[in-house]
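By letter and in written order, the chains are A, B, C and D; residue numbering begins at 1 in each of them.
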């Protein structure tokens, strides 16, 4: 944790698709800022392409996608490919919220989203502290390896 | 749709009959099923329904008899699934009002995509849409839903674009319709201007008024929950009153006002009372003398706990709060809320638990409790200035006033996704469990009122030994969803 | 057992130490495990427990801090099943107080039959007993239960014959014990004289006082539910006060009073208040100045509905009522209540739902509500004369007074199985949901008080268009267990 | 129903075993009396043998056993045999209440008690009207066949 400099890291946040659930995403954005990261907030109802555009424009290190309304599974298909096409090869991709319709086994849900190319997926009781911890770990690992 | 583009100056005045006829023609031409909307036939159908299947009549009777009716939410992606759901809610759930929630594509007027969703749902044998695609099915098919149940039916469609859906819904025989220009535009959209949202709902209200002119009293309803997230009653009521003035302006006579529960028995009862009171006060002042404005209480709209047993208490208490507060109806959730759209069985259980809770508390009233009276008084003092300010900013016009007040932040909505809302106001729960305002943003409260909010929240910070800062608001978003061992641990656990 | 046969005149005086020593020796010799009871060793064990596992301390702290603790009921027929149950209630249910309910054979001192029950349970792999056979297992084995949990434990044993069970329970390390001479004898026996029941509980109270003398403050508790069936608060409180006087007479210092919920928010809050008040009033008048008498509220003790969803509302409302009433603890039931002894999981869910309900209502108090004040006043005027009359009939002795008052019907218990109770009093629910007295039998109320009861029940008969007769009482027994379509049908159903 | 004369029928009621649940049994007794039957009430906590003794003494036509506390399964074993031994061969035996420990499938529970020789078993939501109806039916049938 000590090895990374959060101020040098830019994260893009937003809620994907036709989803208006902004609360958790805003709290997350506030928390990441407080923790020292640079945060670019796209807000609710953000098409996948806009995430990528913003990430390019701000030379972001990671994209934090929220999805609550249950249709995230449809909205997120091909998200990693979009990033790669835009030249954002190594960008860190996190997803969090209520990712699917109805009550489903989390391990399965997680697997589905990791399969789509997200580096991590978070269930809806996730607290910001845990996200910060994961970010620190992942960026520290990248620093070492990269 | 040139008659209602953003160029037209917004106003609360009624849409002239000729203009409206034109608007309707344009609107109905947007999707094939629009052609099936036959207003006169629909009017006859509504008139042929027994009174107890007409929500306008049912809400009036419930208010007269002091009932608290139950209503769930619910929508699935195909007619077959929706029929099954509505029958279950009617029969197993004993719902007094049966809902049809539309799917998100329909809400966004993406009917092509909704069509795909129907196909996918049929193929997979389960709902791939988060609601019923009302427009795609059209009024003839949707009428089967009305025929399948013995209760009145209401359309629930969280959107700023209800124009075609409302035409289809009313023509199908739905006698209730939830939604309003200010509440839904501020909570369901990012880039839709408030004026546009208001115009869209003026269309809907004008349509309801047209039915009224032809002798059918439909029930229109304002969704007071807004962002559902710790909305202080003063804000919910102020928006409700403004939305009611807009509906009245189009000629609506039967207009429900919803209020999301704060989960504080006294604050919720006070809110229900003041909401009904102020709605009438402002409607009368604006010259609308015969608008019926029953209040509906909504089960907790914020984040729910992951534990079904904990959620059962929220469901049940939701019935208690509605009954004690004297709400005319209560809109229910289920123990599945934290996870996803409930199964018909879970939805029906939520209805029955709520109904029993209503039964148990039906005699309790807090009107004479000094703490209740003080809260009523405070709430009046909080709310009137917000409405007055908005009306003043609109030179007496509720539509213009709402747009300008939201722009300036004089009327503000917490946690709103909309670009046209400041969303700087920050509510938090105080040490006594009341929802208060930590940061008013640009909203202006009388100094003694503001003082009460600050003092109560400072007291909480003190009691909990935490800083008096924005975190109080964030913690209050999480609070009710926290596991019990955090909310109420065994107090003297061994180290 | 000559020292306490029916020949000995009954009195509320403390059992002399010598006599008690003799009684104990005789008592412990009745079943082999009695030999394992070692009082001094037990005292050391209790002292070695952390404070939070000692119910006497926990109840005092809860009262000081204004907490409402949760406690379920629960007992299974083998040690293994009981261990599993108690762990589940402690951990999954977050119970603040963990129970061991004994089985009915144990309650009736039919230990041979209990032994068969244990064997059968083991053979069938499911509990064939409706509780834990505490005496058969004895103090050494039963102590494993105390060691398995992190909370204080209480013995629940509805019986008029607790002598050996209490010896074993306290020796095992249980720090709480529910039961009392008047309440249990009138509700759990047919042929046991009230005097005998009182004597048996005087033994238990004297034993608790012996621990107290040796520095261990156990929590004794009076089971205010009696027959659990529409017991009006005035009767429950009168019995509670008399039982408390009896316990005080033996030297008990930490004595809880239970009250079954009437399910009326205001009546229950009033009952909790008046119960605590009158207990202290009469104890002080009798010269007992330092008895601690916290009040526990009990989830609905009458018949439950068959529908889990409906029952969930009773569970949740039970938490609400206890919290709003300011009870120090609440004893919970589960959604399985109508069917049978709940599974550990269902029992734990009932605890969590209740706990959440307590959390939600923890700030609500009705003390300043005029309707509450009126009910408090009425309840005082109902209850004091009952207690005064009993004490008068006993020439100032609570034991003698209780026996004589019950015999004469001046103190009466509805729906009692006992030959020694008139059981002519008939309660019924009034039009506002309060439990009132339809027929007082031979109980004497001031005429203005009696008038209120009659008038309220006549009002109900009128409202419902039924006769003012005994059927009101019978209907009130069924009421809460009725299906929802009977309790609260859709009001305007088609014919 | 018209064919039977309720006044000529004597029924013994009581709660079996160590069971104190008297409420339902008392309401049942009250209701049967109101319906016109002769009712002999033994009350709560009634051993099996006492039912039989009372039935002999009153020349009863039926015994109405209540059991609520869950141990009825143990208490009722051999009840029919006791009756037969005492010469009460054809006596009508009903049982009602919460017959077993916990939530069990009613059809199974019913089967178990019918197997023990009860003519009918009733679950705990039973109302008196339904019991009267069943009695009328059964006594009418007996009259015809006997």
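Quick note on the criterion: contacts are C-beta pairs under 8 Å (C-beta built on N, C-alpha and C of every residue); 3 or more make two chains touch, one makes a residue touch a chain.
Being a predicted model, the structure only gives us computed values, none of them experimental.
Chain centres computed from CA atoms place D at the largest separation from chain A. In whole angstrom, the spacing between the mean C-alpha positions of chain B and chain C is 45. With centres defined as mean CA coordinates, chain D is found 68 Å away from chain A.
Our note on geometry: chain A versus chain C, Cα centroid distance of 55 Å, whole angstroms.
Residue positions of chain C in touch with at least two other chains are not found.
Taken as a contact graph, with one node per protein chain and an edge wherever two chains touch, the assembly forms an open path, each chain linked only to its neighbours along a line. Touching chain pairs in this entry, ordered by label, are A-B, B-C, C-D. Contact residues of chain B toward chain C in the complex are 50-52, 58, 61-62, 65, 67, 94, 96, 150-151, 263-266, 305, 307-310, 312-317, 319-320, 324, 348-364, 366, 368-371, 432-433, 484-485, 487-494. Per the touch definition, chain D reaches chain C in the complex via residues 15, 17-20, 22-23, 26-27, 30, 43-45, 69-71, 73-74, 98, 100-104, 124-125, 127. Within the complex formed with chain D, the residues of chain C that make contact are 103-105, 107-108, 110, 117, 120, 126-130, 158, 187-191, 227, 229, 303, 306, 336, 338-343, 415-417, 419, 474, 477-478, 481.
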